[in-house]
Structures are given as structure tokens and as C-alpha cells.
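There's a structure below that I have some questions on.
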Amino acid sequence: MTAGGFQMLLNGAWTTIWISLIAIVCGVPIGFGFSLIRVKRVPVLSQIVALYVSLGRATPLVTLALFLFVTLPVFGIDIDKYTAGVVALTLNTASFNTEVWRSAYLAFPQSQIEAARAMGMKQRLYFWRIMLPQMWYSALPSLVNEMTLLIKASPAIAVIGVVDLTRVTNRIAAQTYEPLPPILIAGAMYIVIISVLVRLQRRLEKRAERYAT
Amino acid sequence: MPEQIPVLVVDGISKSFDGLEVVSNVSLKIHSGETISILGPSGSGKSTLLRCINWLEKPDRGDVYLANQRVGRKEDGQLMSDAELASIRVQMGMVFQNFNLWPHFTVLQNVIECPVHVLGLSKDDAVFRAEQLLEKVGLKVKRDAYPYSLSGGQKQRVAIARALAMSPTVLLFDEPTSALDPELVGEVLAVMRDLAAEGMTMVVVTHEMSFARDVCEEVVFMDEGQVVERSKPERFFSNPQTDRAKRFLARYE
Amino acid sequence: MTDLQIVLNEWPRLASGFGNTVLLFGTSAVGAFLLGALMVGPLRSQNKVIRVALHSFVDGMRMLPFLIFVYLLYYGLPTFGVKLDAWTAGLLGLIIYHCAYVAEILRGAWDQLPAGQTESAQAHGYHGHRLMRRIILPQLFLNSAPVFGNQLIYILKDTSFLMIITVQDLTYAASSLQSMYFVPLEPFLIAMSLYWVISLSIEGLVRAVQRTAKVRGLGRA
């Protein structure tokens, strides 16, 4: 492994990280918004979201990324591979996040809502002041779990040409004819990135336990 | 004494769950300053009745009037919206068996939450009143603590302060000491006794016979959804009229 | 010829891809579950060496992307003289990678099982793999059906990564149809619908297992 190879690996890691970050940052609030549509049972929209969630969770990322990259130009939307990658990851993670938020809402202790209603609080008030601050705590471990899954699935964008941390190993091997070292190092880098998230998730789980009186 | 206008009227309330009638045609009148207790074996429908008063449960039949306002239904008989119900519930306080404090707020924040966000009090005013109430229930020193660090008795006293902060016309208590360890029951009952002595109108569903006997103006005994006996505590405890009441009291000898 | 007609003409290609996906999915699912079930006992072993080794393996797989592991098998192993074809590398990758997840799920479920279950069985003379097969494993699977259902769906989706190392699965078929005949929409729509159908079947299976569990008072809320 040459110094140049290391540089390429770092570039690949950076690509993986920034694309994943955008997808995560967009996917959490989008999932939240969609979960609201579902729990409020907005007519028509609620069914569409349910359909999207079911499809989104069942569609492999490789297939989705290819589909977006190849099909959208036909409808006049010129999309570059990076945008297609980000959109595919976001659509995918948002569908899972919708369910995470929805579970947090449905699992919220009815007793606290009753106390709020008995004191004359209206639904919008107690949703934002009582439910949401606590739903964050119960949803966060699952949201972070979803983030680790996103990073583990991110190599899917290699199929549309994005040189991420996985695909870059092909490039390095093409130059050095030694495929094993870059793969091992890339694997180690993934483990480092993901273990940070896993540790965060464990800490959040302990904190959520404390709040679940 | 001239006939007082009752502050809370319960008129022919009935409620069924899954085809089983849990509350059958119950009527009550409570006057200002009165404390009445509702006693009865488990499953007698007393909690359900209480929850029908502030429409946490929707009665199948019957009406509730708070100071001449109809609760749950509007003048034309239409069901009230959640928002309309909320504006009536503001006048009724409720204390729950499991306290139901909000764990992400401190004690003080729990007490000022509704005065600020529902009644529109300024934060300073709400804090001032909250500290008075916490002092009254003996927990001013815990104002910045979180509920999880409190004992059951302390949590319930905070819950009472929280309900009082809304200056309610009537206070409803749903088995307020049933979830407490025996040694913690006394501190909560003491607060409730003081409230009664100060003239708060209270409806208390309870198993605490001493409270019912010493503090209440009237005892309402329910069994299988109906009001079986209703009398002053002296008479109820020393000379129950019905067989069911006798059997119930025998268990507490 | 409309796009759809082109695609319908080429249905054998799609069918072959679909068949490969189902074959890969089915075989690796069975393999991963078997291997994971075999692994969970040793994973909780008193022997520190075995336990730590297996834990490291499980943790490692859970922190690696699936594709990198397949890369390791397909591109990396030849360095040691082991040359696997794409299909074998893919299948092995699926089985080994996912058996770690299955083992971890089973371990978590076993920890939640009341100790009395194992003890009463042992008191009656059960031990070893009979204990596992007749007493422990059935309860673990019945209790955690939804989690296993999710894992099955992950296995299904991971099969599509194999198209990157040229395994001719459903996504590969859709992609090659698209590039050969310039039909961008239909092949992918059909492919995604087929993935969806398999996924819905898995969810149906989970519900059936949950019904079985409920009758026996097992399963979590």
C-alpha cells in the first residue's frame, strides 16, 4: 500500500461520510414529518406514506440507487451520481425513521397524556410540551441504530459510480495489483466509524431506560 | 340553612365496556366546600364514575354539570370537541393513583406548566404561586428535583400541588393512596385533610376508611356499578343499612 | 414495440434473475439461521477463549458493511490461493455475515428467557443439542418472530449487493435489460415489485408465527 493508496482511501472515506451525513440529517426530520401524517391519519396522504414506507423498507438500496440514476433523466430530471446516491439513501432511511417515530408515539405512556388532558391541555399543546421532548429520548437509540445501518448499506452507491470507501479499494487494487490491503484497511475504517455510532447508541439506550418510568 | 346551589351535579351517568355495564345510572350532587368519598369493592365502577365526571371516559348516558355548565355536551346536545372539553377541565383538578407527573420536567416545572401554557399566567406569577403550593404540601425544598428521585408520597403531593395550581372549582381524587407504600400514605392524607378543612370541594375515590370517616361530609357506597348506600360517615360506618355495605365493611374490621 | 412489450419479451431474463435472488435468499437464510443457532450456545459459553473469540466475530460482522466482507472473500482470498467464483463468494458471504446477526438476536432473546426454562429442562435430564432444539430454540424463535422477520428482509436486500460482483440476480437482470434495450422504467418497477412481494410474504410468515406464539402465551407485545 502506497501513500497514494492511503490518500485514496481517505478520500473514499470522506465521500462515504459526507453522503451518509446528508442522508441522515435529511432523513430524521422527513421521517418525523411522515410519522405525524400517519398518526394524525391525514386522509389520502396517510395511505400514501404507508405505501411508501412499505416499499421503502423492502427495496434494496442498490436497486433504488440504480433506478433513480437511470430513470429520472428520462423524466427530464438530470441527476448526477452524487445526488442520486444521496436521494436514494435519504428515501431509504426516511422510510425506516418514519416507523421509529411512529413507534415512539404509539408507545408513549397514556397516563401522562391523561394528566395533561385532565388539566385542560389541548392536544397540540401536550404533543409539543409533554410528548415530543420525551419521544426524542425513546426514539434516539433506534434512530442511531438506523444510522449505522445506513452506513453499512452505503456501499450500494458504488453501483452508480460513486467512488466511496468500498469502491475505492477496486481502484487501488487496479494500480497496485494487491487487493487485500486496501480492503482490510477500508474494513478497519468502517469499523471505526460505525463503532463510534454503536457506542453512542448504547449510551442513549441506558439514558432512555432511566426515563421510561 | 338555605338550599345551596350544588357546584357539581352528576345526573344518571351510565357507562359500559365490552357490553358489561360498569356504571349504572348514578346521580350525585356535591355542594361547595363538601368532601365526599366514594367507597366500594374493586370493580364497583367508582374510578370509572370519577373519570366520567371530567369526561376522560365518555359516559354512554347521563350528564355532568359543573357550576351550571354542561360538561361534555354543548347546549344543542352535540358532543364537545377536545378543545371545548379542555376549557371545562381547567376548572376541575384530578389527582391520579399513579401520580402521572411529567418526568422530563422538574417538580417546579410540573406545577407551573399548565398555569403558564393553559391559563396564560406569566412565568413569574406562576412560579410564585407554585412555590406557595409546594410549601403548603411540604415540598418546597424539592422544587428543582426530578420526579424519578422522589418517593411515591412525595410524587403524589407534587401532583396535588400541580392540580391546585389551576385554582380548580372541584378536585377529583382517583384512589390517591392506593399505589403508595403504607408508611407514605399518611403524608398524602394529611395534605388532603388540610385541603378539606380549608373548604376545597373534593370527590375522593378511596380505600382509606379513616379518611372517609373523619374528613368527609358524605360517603357514597358503590357496588356493581350502582350507588347502594349514601349517608353521613357516622351512620355509614357504625350502622350500615344494606347487606352489601355490611359485608364490605366487615372486610375492614 | 412499447417498452413494456420489450420487457415482457425478455421475461426469461427477469425470471432467471428473480430465481437466482430467491435461491440465494432461501439458501443463505437457512444457512445463516442454522449456523447462528449452532453458534449461540458457544457464544454464552463459560470458556472465556471461545466466548471472546465468538463475540469478536459477531461484533466484527455487525460493524462491517456486507459488501466489504464479500469483497474480502471475492477479491481478497485469492491472495491466499483461495479463488471463489462470484456465486460461491456471495453465498458464503451471506451465510457467514448474517449468521452473526442471527446468533446475536438469539443471544439477546435467550438472556430474556426466564432462567426457569433452562433449569427445569436440565432437571429433567435435557442437555446439549436436544435441550437447544426441543426447549430453548423454539421459544426463542416464537418470542422474537418480528426481529427475525426483519433479519430475513435484510438478507433479501443484501442479495442485491452481489450484482456488483456480477452475480446475475434480479437487480442485475433489471439493470442489464435497461442498458440493452434503453427501457429505463419497467424493468426496475417489476424488480422492485418482486422484492416487495417477497418482503410482504416474509411479513405474512412473521404474523403467522406470532399467531402460533400467542396461542402458547409466548411472544412480546
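For clarity, chains are labelled A, B and C in written order, and residue numbers in each chain start from 1.
By definition in this document, a residue touches a chain if its C-beta (ideal position, glycine included) is under 8 Å from a C-beta of that chain, and two chains touch if they have at least 3 such contacts.
Being a predicted model, the structure only gives us computed values, none of them experimental.
Enquirer: Can the chain contact pattern be summarised as a line, a ring, a star, a complete graph, or none of these (other)?
Expert: line
Enquirer: Any idea which chain sits dead centre by C-alpha averages?
Expert: Chain nearest the centroid of all protein C-alpha atoms: A.
Enquirer: Determine the centre-to-centre distance between subunit B and subunit C, using the mean Cα coordinates as centres, and give it in whole Å.
Expert: Taking the mean C-alpha position of each chain, the two centres sit 55 Å apart.
Enquirer: Distance from the CA centroid of subunit A to that of subunit C, rounded to the nearest Å?
Expert: 21
Enquirer: Could you grab the centroid distance between subunit A and subunit B? Build each centroid from C-alpha atoms only and quote it in angstrom.
Expert: Centre-to-centre distance between subunit A and subunit B: 47 Å.
Enquirer: Residues touching two or more other chains, restricted to subunit C: which are they?
Expert: Within subunit C, no residue contacts more than one other chain.
Enquirer: Flag every residue of subunit A that touches subunit B in the complex, lowest number first.
Expert: Those residues of subunit A that touch subunit B are 111-112, 114-123, 125, 129-130, 133-134, 137, 210-211, 213.
Enquirer: Quick check on the complex: what are the subunit A residues that touch subunit C?
Expert: 54-55, 57-64, 66-67, 70-71, 73-74, 148, 151-156, 158-159, 166, 169-170, 173, 178-180, 183-184, 186-187, 190-191, 194-195, 198
Enquirer: Subunit A touches which residues of subunit B in the complex?
Expert: 54, 56, 82-83, 85-94, 96, 98, 100-104, 113-114, 117-118, 147-148, 159, 162-163, 166, 172
Enquirer: What part of subunit C is in contact with subunit A in the complex they form?
Expert: It is residues 60, 62-69, 71-72, 75-76, 78-79, 153, 156-161, 163-164, 170-171, 174-175, 178, 184-185, 188, 191-192, 195-196, 198-200 of subunit C that touch subunit A.
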